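Look for chain A in each of the two complexes below; its partner is chain B in the first and chain C in the second.
Moving on to the complex of A and B:
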């Protein structure tokens, strides 16, 4: 994970571009079958582990390393993608919601913000500092946001 | 190969295998059944009951969450709200934990679901409804936090209630599925137990029956043969050797029976041999008895011959003695005859003198006859003297011949020895006219009286002296320059006396020295000696007088025989001695 604390590092950008390039060359239609974990360009994170990603989404980690608050985004109307993403994190959607409800009851945090669709989500993320979300890879504009991770979409593969 | 021909150890192994294999199979089967039973029980305890329990707990917690949500919506106090929120947090935590547990138990291989498709469908439906309920819970919480109780209640009693009913029903269904699985597993375990128990009992029964059957067969085969052998052994012990054991089969018992029969055959042969040998032995005993009789007869003859020989020896010594005695008597008799003749002549001369002296006076007659009378008197004395000497010799001979054998008498040793020296010498001279020897006498004046058996000891001395005279005479023949001598010595040594006869004859060859006292052994030519002289002398000295007769041999240069006897016989008494002295 790149330790980009105050500004977007050149190395982080290059890593993201290289990742996208590899995926574009290696896959037949990668954007259609793969889910990208995207974040605002200034998010000081690079290739977070599965555990780290889960900690962000359960609220166990609520700030980035640069001190900015982690802003979580979820999709409202895409069950398949949500299920695939949370499966990757090792949880079900319902379990995540139970966790978020617990956070809400304890006042320790709020559930992710809901985007109506992926376009809205990537657009919001590109504009919201500290935000993180997930969408199909082909919607992730590397010039506008940071692609932290690419995970296969089993639903698309099926 | 027939079974009865098999060795016992093979039979034993077959029987053991026949018993052990079913037992091992039963044990293995029992173990597998027990393992299956254990798996079922473990599945019931660790999976199925837990699943049902977790579902029940989830249902309770879901109900609790709903109740708390209603309370949270109904109150306005923020503190109370927070308390209820804390309770709800705990409930949600518990629900999450139980869901995690259920997720892990669903896929546990120990207890595969009996109807997994249905369970998956029910659980998926529950998960969707539960998620939708959670979505509503966010809205209800927002309304409740905003104290919009009516709206919150509306949601709770409308959509949330419906969803709650749905997922609660689904939880109950899941509970039923798991309970049913637990019951089925329990039933299966029980069936497994009953089935295993029945099969184990049946197999055990079969094994026991088979083992008993095999055991009986093996024992019958074993004991049947042994009993036959035992009966045969008893018959043999009773003396019936014609018996035989008939056992079919070539196992150890069969071989034992065969060996027993061989042994009996050998025993019969051996008994026949023994009987034949006993008969032969009896014949040989009869022959031996005959031979024994013959041997006894021969022994008697030998003893008679021996006695004859001893008598011959005695006669031989008596011959020597007689010759000596004759010579001893002849001398005084010559004197007596000569002096008697002389006295007769003197008497004639005296008569002439007396006739011529008729006219003479008595004095003149006495003068003229006195000398003749003195001569006559002297002659008469000499006749008397020699007559007494002859009388003494004769009396001595009489005493010698009349004395009881084995009866000791006190004798003056030197006189006794001298007497026999003279007898022996003259005896030798009587047989060997050219015999000449120097006799050296070395008598101990203090030798004194000795108690001995004169006859016996005289025979010893005659023997020793004759041998000495013979030895010097023989050497004289070979070596004329050698001056023969025989030395006779007596000596008193404390309570014993010694008579020593030495000669300078040829001695005894060294290799024969040890045999001189053996009966019938002689170095003299055949016919010259019986070979019993020294043997008898040895017995007389040792047994008759309690003394010793020893030889100091000088091969080629003579020999010395020494008689050493007690001066006083242990068996004699003072009264005997005094009586003997008085009679003399």
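Moving on to the complex of A and C:
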């Protein structure tokens, strides 16, 4: 039984090494696949919890602790990344759309602003006070913006 | 001549009243003064829902088919400052045309909201108060999967089911928000509004307000509240209102004479409305349910009025864009006196599907079987209706 487990463990390690080798050969940086939640430098938050992040994105909380309005950003053409981000918040993309529509039509808030791509998103966030969004970690320039948290890769959790 | 004086006198006081209101507003809302320098554009948006309906009466074998522009709402919203928002909502129902005298056109909301904190607000002006889960959003058709909404929320049935008797449709001051705890959010709302004794222009109440329509003719106001618990997947709440109603608007003075009670016994009766709501989501499943009870606390034990409503809906997301549901809804309306008896009982099992064709377009299809039992002074009338509805909801 023990021998069996050792063999399986060894096989897993070899598989991981092979995967890292493939990534290295392909020139892929593991951080490039990770999603970072980024915000403007002056946002008074350092590492919001998942619940706080959900409160911002559902519009339950619309101001930062300093009273400045939270400006939400989303990506227009990156369904894969949106799905990963909203999965992390425990919602599907369609449920989030339903929540935003309810807020908008009740006069209680607006849906996030849409950036065409990640480059535009990080550029806008670096220039817009109170803004928050998500992008690949390697695009987040920590000199120009705050990286509030890095979303764990769901595959790693499994 | 007296009338002229009584009408011009208040006008002379108007500038003073305006100054007082402005001073009060400036002291209550400190950001208001700075807000004047912020010039943001007014936002105009809205939605409409067109439908096709077919109804078949199994008793009379009569079939009716119609296209209808069920509802159109236009919103005007303006941010007056960081914490101050104004909002106006115009609504038309049932292919509105004043020229043809079809449908209705309503000013549904005109309010000003001030954020008093990160999770609390005060809203002043004509508004739809928070009562159960659906009241606030019942007329936002793109949010709901239904072509035919739960009965007391179906605005286009207002000519048949008296929605306003079941749910409070208007408030004028509301404080609401939530309190975060470790486990869940505690939602709260408290509001004041007009009671049901609104001067519709058809009565001759000899009161000061009888000159104007759309105003409350009684000396009391509606008081309402909701308390709820909400986590990311479950929402539950209890709502209630207290108001005074005038049964003389429902029955005539002959009833008082026949019962040998003073007509004052049918005036300003205390009416209590109690509601409960529960909604939850689990994976791709959703459940929603509500109940409403309306009772009149009767000072003379000869008049009894009972209204109840409930609905339950079980739904499932069939992929990212399609939502299917089955639902059961029911209203029960009983007015009972020793000489007048009226009972209306409506039960409607229904199922349907909503397909989100895009962010702005939702197509809906629904089937409902309505079982209507009406009993009035020993006459019993039953109707069994098959109802098909297709609708297209468009966000502007």
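Definition applied: the second predicted complex is superposed on the first by the 122 of 158 C-alpha atoms of A that agree within 3 Å, B and C clash if a C-alpha of one lies under 4 Å from a C-alpha of the other, contacts with A are read in each partner's own complex, and residues count from 1 in each chain.
Convention: a residue touches a chain if its C-beta (ideal position, glycine included) is under 8 Å from a C-beta of that chain, and two chains touch if they have at least 3 such contacts.
Since we're looking at a predicted model, the values are computed, not measured.
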Partners on chain A (chain B, chain C) - clash or fit: clash
Contacts of A:104 with chain B and chain C, given as first, second, both or neither: both
First (chain B), second (chain C), both or neither touched by A:66: neither
Which of chain B and chain C A:90 touches, first, second, both or neither: second
First (chain B), second (chain C), both or neither touched by A:54: second
Chain B versus chain C, judged by how many residues of chain A each one touches: C
Colliding stretch - chain B into chain C, listed as 21-29, 93-101 or 381-389: 93-101
Common interface positions of chain A, toward chain B and toward chain C: 92-95, 97-98, 101-102, 104-106
Residue numbers on chain B that touch chain A, as the complex places them: 85-86, 88-89, 92-93, 95-96, 99, 127-128, 130-131, 134-135, 137-138, 141
Of all residues in chain A, those that touch chain C in their complex: 51, 54, 60-63, 65, 67-69, 90-95, 97-98, 101-102, 104-107
Contact footprint of chain B on chain A as seen in their complex: 92-95, 97-102, 104-106, 111
Residue ranges of chain C in contact with chain A within the complex: 45, 47, 73, 75, 77, 82-83, 85, 87, 89, 109, 111, 113, 115, 118-119, 136-137, 140, 142-143, 178, 185, 232-233, 281, 317, 320-321, 356, 359, 395
